[in-house]
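One structure, pasted below without further comment.
For reference, chains read A, B and C in written order, and residue numbers begin at 1 within each chain.
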Amino acid sequence: MKINRALALTLAAASVGASAQSSVTLFGVVDANMRYVKNSGLPSNISMNNSGLSSGRLGFRGVEDLGGGLKAGFWLESDVNADTGTMNANGKLFARRSTVSLMGNFGEVRLGRDLTPASAHTYKYDPFGVIGVAGANVTSRIVSVAPTSATYYRVDNMVQYFTPNFGGLQAELAFAPDENAANNTGRHAAARIAYENGPVSVSVSYGTTNVNAASDKFKQLGLGVAYNFGVARLLAFYQRDDLPFGTYGGVVAGAEDKLLIGVTVPVGAHQIRASYVRTDSRKGSSAFNGSDANKYAIGYVHNLSVRTALYGTATRVSNKGGANFSLSGGAPGLAAGGSSTGMEVGIKHSF
Amino acid sequence: MKINRALALTLAAASVGASAQSSVTLFGVVDANMRYVKNSGLPSNISMNNSGLSSGRLGFRGVEDLGGGLKAGFWLESDVNADTGTMNANGKLFARRSTVSLMGNFGEVRLGRDLTPASAHTYKYDPFGVIGVAGANVTSRIVSVAPTSATYYRVDNMVQYFTPNFGGLQAELAFAPDENAANNTGRHAAARIAYENGPVSVSVSYGTTNVNAASDKFKQLGLGVAYNFGVARLLAFYQRDDLPFGTYGGVVAGAEDKLLIGVTVPVGAHQIRASYVRTDSRKGSSAFNGSDANKYAIGYVHNLSVRTALYGTATRVSNKGGANFSLSGGAPGLAAGGSSTGMEVGIKHSF
Amino acid sequence: MKINRALALTLAAASVGASAQSSVTLFGVVDANMRYVKNSGLPSNISMNNSGLSSGRLGFRGVEDLGGGLKAGFWLESDVNADTGTMNANGKLFARRSTVSLMGNFGEVRLGRDLTPASAHTYKYDPFGVIGVAGANVTSRIVSVAPTSATYYRVDNMVQYFTPNFGGLQAELAFAPDENAANNTGRHAAARIAYENGPVSVSVSYGTTNVNAASDKFKQLGLGVAYNFGVARLLAFYQRDDLPFGTYGGVVAGAEDKLLIGVTVPVGAHQIRASYVRTDSRKGSSAFNGSDANKYAIGYVHNLSVRTALYGTATRVSNKGGANFSLSGGAPGLAAGGSSTGMEVGIKHSF
């Protein structure tokens, strides 16, 4: 059980930058926390969870300078669930990203499994990053309904094109073939335009995924805005996820709008973060239509270094109508219209 | 099929020590052997096995110096079964360990999947380390009966606290929540106190795991002693595993005591090792109660370097009453009271 | 979702050579492409595939100099399917290779999962390397029928012996025990002798695998020849795979001969490659016997560097009799005697 001798890799400040020479980088995040959840009318429960501040991961990435402004790169990134030692539920070794790229003055062409721009706002403009007890994904039916082989955040078989950055303006196009000769179920296309300059960040995205042989589409429209006032950074996103009303994998789902308003406040080297999320089920049956929710969250991040932080987060979900969104780790069986309250305290370490 | 060019990592003597600076370490063990097993009354069989001297593994670990005596660390470690290329049967990528730690003058707080102190003696005081043809686990029903989501050696979702080392004296506390709101099935708690000083090593541990909704407990008591006389190091452990008598995953199991007496003898740079293990089934039905076993093992380790060794091990299991413990890799169907004899010759290489 | 800081590994020219000092090497290939397939009488289809030029992989290998001409080494290599982020379908983490070796003047003894010499010619003498849209494996029933736990290319539990290289002449012996006490199903033995000197490459192999309790054998005979004329390198292999006629995992299969004639033509730093493969089903039922196929392929490899290449490949399969071999990624249901045409364009990046 002992290691006689070990290979130590020297730590360097280098990261893969715009003008980087050829390099290969090993990187990762290990994040674990203790979570308390109380669902109304049910006993409370304590559990260990992972990825409360940053998604657990282990990755290998590299860039090769081909000369003449041309570069090639790869990125292989696995999930790391520190609480149980698993990678993820879908059995993919490199579920977070597995891509190969060609980059140059023309921008970047990237092939493989990756995040789709269609859902980008839901984590880019959420102070809690769609992870942990307070992520905006908690009060969303759509996220847990993979409307084909694609998941909500990541898509297999994508060809992506990223334009160069024009003074803060950048666009991205993504296409994934359906890999289905009988019909086009699973075909995914998405685009996003973003402007980032100093304190300003504005972004808009649109995406579609064919959900059946009749070419009915899951349509996603996203808007994100952030402004850094110095004393605080305000963030907001609006995401309209238009899934044809129906039953997907046993879950009744349909069109759903999410609105988030958030803020991050620097406190010395540390940070306070807070958010309000409103989930609005639209169309479909009247029961579905009235099943909405509000979520409130506040958290504190205590940075021990650039790589390591302690954090604490508290959140409350208030359901309306037939909705019974609840925090994971709580007792099952929350009644419609009930509330779910949770807290977690944890440590994040990146390398 | 060819590798055009490769990334070579420079090998350094550095390991993660007490006063180490920030570092990330890649480490591992690849160990494979050929095993011969003869079960009484059945044909013999030859197979390839792994981890005869040291458990096959691939890991990434690191320590970051946060200043002021504070450090953060992570440890991600996978199984490596060299004979077949698999990691393990439970599908966990980092089944051996996935933890994040905060360390300081106060000791260490560690979160995640790890070895539990409740079973520590069974490998820390076994010259064969509960692996290979001669490990003490061979003649144990308890080890193969995971009495909840926890396994015998490793437990998910643990919060551990390690005290500082007071002149050789160190204590460890471990707790894993049940992650079960309906009742406490799966809750695990354990503690261990050890004293290591020069030739002396003494240790005691206790642990409990809730095995059902009635909060019946799997109780583990362990004692370990070792003394290094120079010409030889004597080891012994006594492990009382008190599982409520019943059927677990189709296997009848109950209280079981194990007693090991072992010795390691240095021969120049090499080593002879031997052990006697007595398994005593207690309580439960009279048939179970009388199903005991003795195991005798001897082995030789020929070190080619600090990292690489050849090894040979021979062992014999003598069953009594209804017991039919047999070495893995042998013909199935050993009769009650039969014997199982095995040998393996292999190579271990660590990096 | 962001990486605060990263560990950069310095890139060195070093590879594991004959006189290498102790080292550990991280290496890999990420290869993805877009593929078009048209099966006769069916709609065409577009998909993303991986490993069109070089098999996607991530590996760790090392060599330790033990002194006196003795060396130890390990090799752990995983599949990387960049299009979907998976490793492979069989769930093995190190499916490509997991071995530990002892090397010296006597040659090399290697233990663990590895490529078997019995099938070596099918990729060593194929300009397309049995991968991608044009590999010789496309028109083979045998390859997809694993006649026991062994697969066609790689075998678990192997003990291999490689002789030293005598002026270009080298031999290899491989044996894998059946790990089956009841009978010898799964036992595998194989040998190969090769001569490589300047422009000449000649090789012959033979292997057997027990496929049932009656010790019926899957017999493999392979011959490979290549000659480099400078302006072009000619390659050819003949592989006789003699599987007892029967149904294996629902697929009717039996004896099958494959003949490949190929050529690679350097064009500056780049390469044209082409092949003709004839598949001849022999013995068994008359329907099976007459189910043959011809395959024609041509491709171009545009090397951007030693590590990175763009490639394009086109291929056509012409079936005869009851055969309906088709390229993966195409519409299912190709009629007997139909044709399958495909093209792919991709990028390969190694590190």
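FYI, a residue touches a chain if its C-beta (ideal position, glycine included) is under 8 Å from a C-beta of that chain, and two chains touch if they have at least 3 such contacts.
Note that the coordinates shown come from a computational prediction; the quantities given were computed from them, not determined experimentally.
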Residue-number overlap at the chain A/chain C interface, same or different (half cut): different
Cα superposition angle of chain B on its copy chain C, in degrees to the nearest 5: 120
Centre distance in Å when chain A and chain C are each reduced to the mean of their C-alpha atoms: 38
Interface hub residues of chain A, defined as touching at least two other chains: 7, 9-11, 24, 26, 91, 93, 307, 351
Parts of chain B lying in touch with chain C, wherever the complex brings them together: 1, 3-11, 24, 26, 28, 30-34, 42-48, 50, 58, 78, 80-87, 91, 93, 304-305, 307-308, 310, 329-332, 346-349, 351
Touching residues (chain side chain B, partner chain A) in the complex: 7, 9-16, 22-27, 29, 54-55, 60, 62, 64, 66-67, 70, 72-74, 76, 91-100, 102, 111-113, 123-124, 129, 156-159, 176-177, 179-182, 306-307, 350-351
